[in-house]
Amino acid sequence: MRQDQHRFTIHTHGKALYEFTDEVADWLERTGIESGMLTLFCRHTSASLLINENAASAVQRDLLRWLDKAVPEGNHYEHDSEGPDDMPAHIRTMLTGASLNVPVGGGRMLLGTWQGLYLAEHRSASHSREIIAHIIGE
Amino acid sequence: MRQDQHRFTIHTHGKALYEFTDEVADWLERTGIESGMLTLFCRHTSASLLINENAASAVQRDLLRWLDKAVPEGNHYEHDSEGPDDMPAHIRTMLTGASLNVPVGGGRMLLGTWQGLYLAEHRSASHSREIIAHIIGE
Amino acid sequence: MRQDQHRFTIHTHGKALYEFTDEVADWLERTGIESGMLTLFCRHTSASLLINENAASAVQRDLLRWLDKAVPEGNHYEHDSEGPDDMPAHIRTMLTGASLNVPVGGGRMLLGTWQGLYLAEHRSASHSREIIAHIIGE
């Protein structure tokens, strides 16, 4: 058993889902680990990680629309030091989570046919987001 | 340290929570691993995994009722190629997540007294759902 | 590669977020593991774990207010054997989750600048909550 770790940076420009499945697959191949458990971790409290369908882009827009409606922007939050999208970003991060687990076999992530890895950016302004990938296996 | 991996298939027949705690416990025992970290991963974007109370079945019905109300079915989604339960299934999967972590000690999952492992099926039609179990330990 | 496991107990007194980042950091240092993957697991179905901003306490209050509004207490649940905060606690646990993953490097959790580890207590009465920390690394 051995492990490897890597930091990815994703540059975001507004609220959207940013797919990074291919970047992780490329790094995983370079580690040479054939079987194991991969974990992805987002080092922020206003952006999060999720796995969802990567075939139809309408799915991604509907996911964001639901979050927009369920956690509306506005001036009704106690914490609003960075504007109306500040606190909703923290709540949306709570709901979707900071980490993902993906099992690895045959040198590849064992994702289902329609599953892709996404960074969910919940702030309107541009940001650099750090994601740590960690694999334990052999 | 060593690892083991197994694929479970759960046949679902409509929106419900399907407990699979015993199946995982049986497999874990066969691995012979006494202490470690177990991860479960659902290979779908319209079904998800969660841990919740397994004593009162009313809890499971109330969990599903909340999801039904918070993420209503209907024709107001942009993505509706597979019917009114299609997009809500993706949103409910986003909210509940694709993976679970359960620590192992003394050869058993260290679940709390009331905790059970559930596959949450979010589609109305019957499906075969694949779950990957992965254990790292010794 | 090796592993270590520890049980933390957190005494709660009502619905709130209880930070336990420092307790985990102290234990992690004692394990002597420099690099690896840390997993935290909550052994309850009416309390959960989350990572969120630990600078402004208003963030924590707004997170709880959102949960209070999105999952209201009341007598409209089928499962209400322990009072109006019983079933909402299970639903809030489903939404926020039972486990966290935190990568470790240089002997420390690789949390972002503003990230803290929280136990979210969803019941009004006082409770003792058990959290299991598990680290695999070297």
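The chains carry the letters A, B and C, assigned in the order they are written, with residues numbered from 1 in each.
Please note the rule applied: a residue touches a chain if its C-beta (ideal position, glycine included) is under 8 Å from a C-beta of that chain, and two chains touch if they have at least 3 such contacts.
Since the structure is predicted, the reported quantities are computational estimates derived from the model, not experimental observations.
Superposing the C-alpha atoms of subunit A onto subunit B requires a rotation of 120 degrees, rounded to the nearest 5.
Under half of the residue numbers at the interface between copies subunit A and subunit C are found on both sides, making the touching surfaces mostly different. With centres taken as mean Cα positions, subunit C sits 20 Å from subunit A.
Chain contacts: subunit A has residues 1, 37, 70, 95, 97, 101, 136 touching two or more partner chains. Residues 1, 35-37, 50-53, 56, 58-59, 61-63, 65-66, 70, 95-97, 100-103, 105, 110-112, 114-115, 136-138 of subunit A are the ones touching subunit B in the complex. Note for the complex: subunit B touches subunit A at residues 1-3, 5, 37, 39, 41-45, 70-71, 77-79, 81, 87, 90-91, 93-95, 97-99, 101, 130, 132, 134, 136.
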